[in-house]
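You will see subunit A twice below: alongside subunit B first, and alongside subunit C after that.
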Partner chain A sequence: MQHGKYRFIVGFLALPLGLYALFVVWPFIQSIYYSFTDWTGLSPEFKMVGFDNYTRMVHDDIFWKSLEHSLLFALVLPLVTISLALFFAFMINVGGRRRKGGPAISGVRGSSFYKIVYFFPQVLSIAIVALLFAFAYNPDSGAINSILRGVGLGSVQPLWLGDPSLALWCVMAVLVWSTVGFFVVLFSAGMASIPTELYESALLDGAGRAATFFRITLPLLWDTVQSGWVYMGILALGAESFAVVQIMTTGPGGPDYSTTVLVLYVYQKAFRDGQAAYATTIGVALLVVTLAFAAIVMRLGRRERLEF
Partner chain B sequence: MGSTSNNSAEGVGRRDLIKRSAALGLVAAPGMGLLSACASSGGGGQKKDKAGKKTAKNPLGVNESAQMEFVLFDGGFGKEYAQDAVKIYQKDFPKAQVKFSATQKIQSTLQPRFNQGNPPDLIDNSGAEQMDMGVLVGKDQLSDLTPLLDAPSYDDPNKKVRDTLRPGIVEMGQFDGNPVWIFYYAYTVYGVWYSQKALNSLDAEYPKTWDEMLAVCEKAKKKGMAGWTYAGKYPYYIPFSLYPMIGKVGGREVLDAIDNLEPNAWKHPAVKACFEAYYELYKKGYILKGTPGLDHIQSQTAWAKGEALFIPNGSWVENESANVIPKDFDLAVSAPSGIDSSDKLPFGTIWASGGEPFVVPAKAANPEGGMEQLRIMLSEASSKNFTSKVKSLTAYNGGTTGITLTPGLKSGVAALQLAGSNVVNPRLQDWYVQLQKEKIGVSGLGEMMAGRLTPAEAIKKIQGFADEAAKDTTIKHYKHQ
Partner chain C sequence: MKTTETPAPLPAESGATVSKIDVPVPRPSGKKSEGGVLNVFSHGVLIIWAIMVVTPLLWAVMTSFKSDSSIFSSPWSLPDHLHFDNWARAWTDANMSDYFLNTVLVVGGSLVGTLVLGSMAAYVLARFDFPGNRFIYYLFVGGMSFPIMLALVPLFYVVNNMGLLNTIHGLILVYIAYSLPFTVFFLTAFFRTLPTSVAEAAFVDGASHTRTFFQIMLPMAKPGLISVGIFNFLGQWNQYMLPTVLNTDPDKKVLTQGLVQLAVSQGYKGDWSGLFAGLVMAMLPVLGAYIVFQRQVVQGLTAGALK
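Moving on to the complex of A and B:
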């Protein structure tokens, strides 16, 4: 009986696992292999060079800068995005004032409208979002500085993306804006499945909004928050951060390397400088960072499951 | 057996989600996988076609029935000029089949084919997805174009192709030694671009010395117009007027030393004088406010609207900004202003060089066909066709009589005439892309022009970058011959 079960399971899994091995695992192994060569990416010839690419990476200032920014992305973005999303989702679903004759638990006035508005950025491709914000950040005729002038702050006209101390934050703000809506919807769905009795009893005990949130909503939503965290971190390390940095920033990656990230550096080395082997080396470093990030979040987030 | 699987269905679901998102990261992380898959599958490459007989009409010995494949970069110049040239090829070789395609994705379409050893016969390797020329040459992926240069020209059998070209074209195609790997078909004039009308309204002439330049900027400032703007997000546009100025002030050797990555090349007094001159534009507030945050299109638009007088740029600006440049703008280009009368070279010293690099791959099946196609494009008729269609000069020396030139193009031809033999051709931007663009451009000049570095600091930083590049064993180094 047991034996038959495994054969049954294997029968189902063989095809997907085979595809996974072919299109995910195998390219990985190849990438790691190429990081030990001097492959240019422009001709089929290459030879093994041992750890040369790795020694070079360790001494490469731009690599360390990119790593620093990528780590900052992976720490700050999930923190800001998820906190904001939790706040919005809480206000939309639970945080409303008690209205006469209404249900005990409800969102703020017009919450269904907000829910849709928050989700809007999600339907735009990240490339379009980045372009729109590149226009908004234009110091000469962009929306932000025009608004500042409009409200009488004509003397405050930052260079935004042209200023090394602001550029990275400008880019992060765009990512927060474009992803927060997704998490609002995700957390709203999670909150909807928390039984109302729990809230009602908390209300009877005299709990305010903050206490309700930290004692009831957050603990019961913990699993969703945790997966959201990993997901957001991966976005911040990967494709999304590449798109905004590549499209919006000076250079790209500037000014003065203030916005360069690992994915951008991989791309530049492989496709601009014809150093595909070195690019795979940085890719391997990025892989290590991503795995470490996921592992840390899972470990730190481990808690007792609450049954309800 | 069911007992093991139903106790926490929901938990498994969520955990799975986490695992999947982690897996997503794994896919995204190296990303190089699919690309690398091409390299290892590379076979022996394709078979060469047999060369044809060399005759007076067919000096390159093209196989008349062999297929010729031509891949064009479909960019600012469009594809019509090349299609017209392909038609002539087909008329000359009616038995040959020509496969023509135009794309913006040069690298994505052609990199795998280089890796597999079956590249096309002629490529316009240009645009954002340009394949690194240094690597292509270093890995013996390109054909030497000397046979083409020594072949009789399309129009005159007594004149070699080599002798019909503008200055610098052949040299630009060489890397080290004599072989010519790249043929630059378009001819670009770099310099300071402005509206003659705006200058007239200030009662000013184009300034020849830096004192005059500052005076003109002051006049403009009084009228509420900035003196300069530039592509702040891509500050590697600044060299288009700065490098020839350095060449004018200190002589060609200074630029050659910079290109050769010689120690202390950037510490030459001429470099210092020019950096300080440009920094003065910032200091005196002659640069359009917000410029460091503008990209090339935004800065060109501000300039076309008359917010700034001068912009360092190349001759493509006329086409690129055609929709924002007013009809009565009277676009003009000038060689950069110098410092004063003690400059080494006369006023008019300008940067002009080839653009649109065409290459014939070494492993092409029909390299003679590719070269013949280029020979056709270098006839006077094809060159004229290009100039009148896309408002740009070609490598063919001449080809501007009998067609109406746009204001910018006319002024470019005049600037080249004024320059005579004083055409400089700095090579950093094609030899060391990373050094020129993100190091010297963004981190050096960009920071200085935004006022975050003094000229002395910028020079020190740039010299550091140059020294680093000179020592870097992973990049190929070149020297002026």
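Moving on to the complex of A and C:
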């Protein structure tokens, strides 16, 4: 297999690696370098300014608000989404009616129907979902307040995205809505591969449904839950939160900076305010947060792998 | 929608009792038992979530057939008659046809490019030992967890200097580059699972490495290519952040941007019904494709997380 091996390797790697280095790796390296300059992005001239951008960032209230919201996204969203998804997946897989002589536990009828429907939002663009919900949240003519009026709650008409104390939660709810289905399908596949004998013996030993869930299902699914947690957290810190906040909120990031997140703040500093160097500084902070998040989840979640 | 909110607490309570205390619940019919109650409870919550998923989508479809005034006065009433003209206006006046064409071009080009380049790199990384193999692999894989927005700031100027800003082919190259990490990660694992003997036999028979790859290995890797292809297709079709930064020319906009543009600027004469028609138009092809290729789509999208 030696003949022409290296020529082949170089030939096959050159194009993908070159493209990747030019458009992905090189910009990452550049942006760390730019965070020590006063580059505006508008003119090619710039000079080194040391840690000035970082000092400025530490004293920037909006940066701290964005950081706080981003951390909230990374903690709350995976927690809510994964809990809901585990709950639904458990119901799909063990909620079935017990038949005489049948297995001790069984899936509900129509389980594939539920899985198909739950997955709908996952195939839609988050941009489209965000637009749709922006209309639903409209205080005057939106679908949600109109329901409230319809059921006699005409006095309860929140401003939703216009209310600084509600807006962030409204945005998060949309991300939960759109991602739960993905995890239901993922966990459901994992649960289906757990042998039924394990459940049967647990039930014989007198374990209730909750006990079987926490003692059997969850430990055996732990790896999937953990990687799902990291995946969701990275999305919540990055592209997904950018789309929903940028599209749905006023400002964007408002009202009164109540929904701004790090990724949006980077975008605004670079492409709206002409402060590219400062934007990369905030981007570096986002990078640190993302890597720290992944490391912490992997570390806390480390358990002995269970074989079955 | 009324039903989706009110009954939730009731079954939740009864379900919690059943699962925690585990008392057999007496039922008048004498039919036992926990199983039945749990069954009703699980169907209850599952149906509630199904309704919550479907309602906003159906609401959008319904709204796209209504007149502007009834959208605002009564968001939940059925359309008085089907305003198909909303769809026609969205398609022509609101440039939805252009956005569709741009999206098809960009996604078509980048999907093919991603699969070809991704499988070439993955094959070499999976099957050949050479110095730097691990380094290149982790360089690719590391790209999955880095916040893309950080790179986009300098990338904008890189792309601009190359004269690729606001061009379809520039966008294609960037899409490919940012799809490579997952594609290489997934396909490397996939190529490792394929048997080595067939490729070795071909090689002994005098086929070159390149020929072995294209004629033997790629056909064998078809299932993996389909999964990762679907994953990339949806990711690229739904992409919003990359074009928002790198593609600001109104004539070159892709679907997601175009719709947001319509909504935000309201430059479309406050034509909300037309906007809803555009939204539904953008949703239907993906939803339709999903329903037809349901199994493959689910496999493709969950494949990465299960690895």
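Rule of thumb we're sticking to: the second predicted complex is superposed on the first by the 276 of 308 C-alpha atoms of A that agree within 3 Å, B and C clash if a C-alpha of one lies under 4 Å from a C-alpha of the other, contacts with A are read in each partner's own complex, and residues count from 1 in each chain.
To be clear about the criterion, a residue touches a chain if its C-beta (ideal position, glycine included) is under 8 Å from a C-beta of that chain, and two chains touch if they have at least 3 such contacts.
Just so it is clear, the model here is predicted, and its values are computed rather than measured.
Peer 1: For A:V266, decide between first (touching subunit B), second (touching subunit C), both and neither.
Peer 2: both
Peer 1: Could you look at A:W26 and tell me whether it touches subunit B, subunit C, both or neither (first, second, both, neither)?
Peer 2: Both partners, subunit B and subunit C.
Peer 1: Please tell me which partner, subunit B or subunit C, touches more residues of subunit A.
Peer 2: Counting residues of subunit A touched by each partner, the higher count goes to C.
Peer 1: Contact-wise, after the overlay, does A:V185 reach subunit B, subunit C, both or neither (first, second, both, neither)?
Peer 2: After superposition on chain A, A:V185 lies in contact with subunit C alone.
Peer 1: Can A:T280 be said to touch subunit B (first), subunit C (second), both, or neither?
Peer 2: Touch partners of A:T280: subunit B and subunit C.
Peer 1: Applying the document's definition of touch, where does A:Q226 land relative to subunit B and subunit C: first, second, both, or neither?
Peer 2: A:Q226 sits against subunit B, while subunit C stays out of touch.
Peer 1: Contact-wise, after the overlay, does A:T290 reach subunit B, subunit C, both or neither (first, second, both, neither)?
Peer 2: After superposition on chain A, A:T290 lies in contact with both partners, subunit B and subunit C.
Peer 1: Touching A:R56 in the superposition: subunit B (first), subunit C (second), both, neither?
Peer 2: Once the two structures are laid over each other on A, A:R56 reaches subunit B alone.
Peer 1: So which bits of subunit A does subunit B touch that subunit C touches too?
Peer 2: After superposing on chain A, subunit A residues 1, 5, 24, 26-28, 30-31, 34, 41, 134, 140-141, 224, 227, 230-231, 234, 237-239, 263, 266, 270-271, 276, 279-280, 283-284, 286-287, 290-291, 294 contact both subunit B and subunit C.
Peer 1: Flag every residue of subunit A that touches subunit B in the complex, lowest number first.
Peer 2: Subunit A residues touching subunit B: 1-2, 5, 24, 26-28, 30-31, 33-34, 39-46, 56, 134, 137-141, 145, 157, 159-164, 223-224, 226-227, 230-231, 234, 237-239, 249-251, 253-257, 263, 266, 268, 270-276, 278-280, 283-284, 286-287, 290-291, 293-294, 298, 305.
Peer 1: Please give the residue numbers of subunit B that touch subunit A in the complex, ascending.
Peer 2: The touching residues are 1, 8, 11, 14, 17-18, 21-37, 39-40, 42, 107, 111, 114-117, 129, 131-132, 134-136, 138-141, 232-235, 288-295, 298, 302, 307, 433-434, 437-438, 441-443, 446-447, 450, 452, 474-475.
Peer 1: Within their complex, state which residues of subunit C touch subunit A.
Peer 2: Listed in rising order, the residues are 1-2, 18-22, 33-36, 38-39, 41-43, 45-46, 49-50, 52-54, 56-57, 59-60, 71-76, 117-118, 120-121, 123-124, 128, 130, 136, 139-140, 143-159, 173-174, 176-178, 180-181, 184, 200, 203, 208-210, 213, 234, 237-241, 244-245, 255-257, 259-260, 263-264, 272, 276, 279, 282-283, 286-287, 289-291, 294, 297-298, 301-302, 305-306.
Peer 1: With touch defined as at the start, can you tell me which subunit A residues reach subunit C in the complex?
Peer 2: Within the complex, subunit A contacts subunit C at residues 1, 4-6, 8-9, 11-13, 15-17, 19-20, 22-28, 30-31, 34, 41, 87-88, 91-92, 94-98, 108, 113-128, 131-136, 140-143, 146-147, 150-151, 177, 180-182, 185-186, 189-190, 206, 208-210, 213, 224, 227-228, 230-231, 234, 237-239, 242-243, 246-247, 263, 266-267, 270-271, 276, 279-280, 283-284, 286-287, 290-291, 294.
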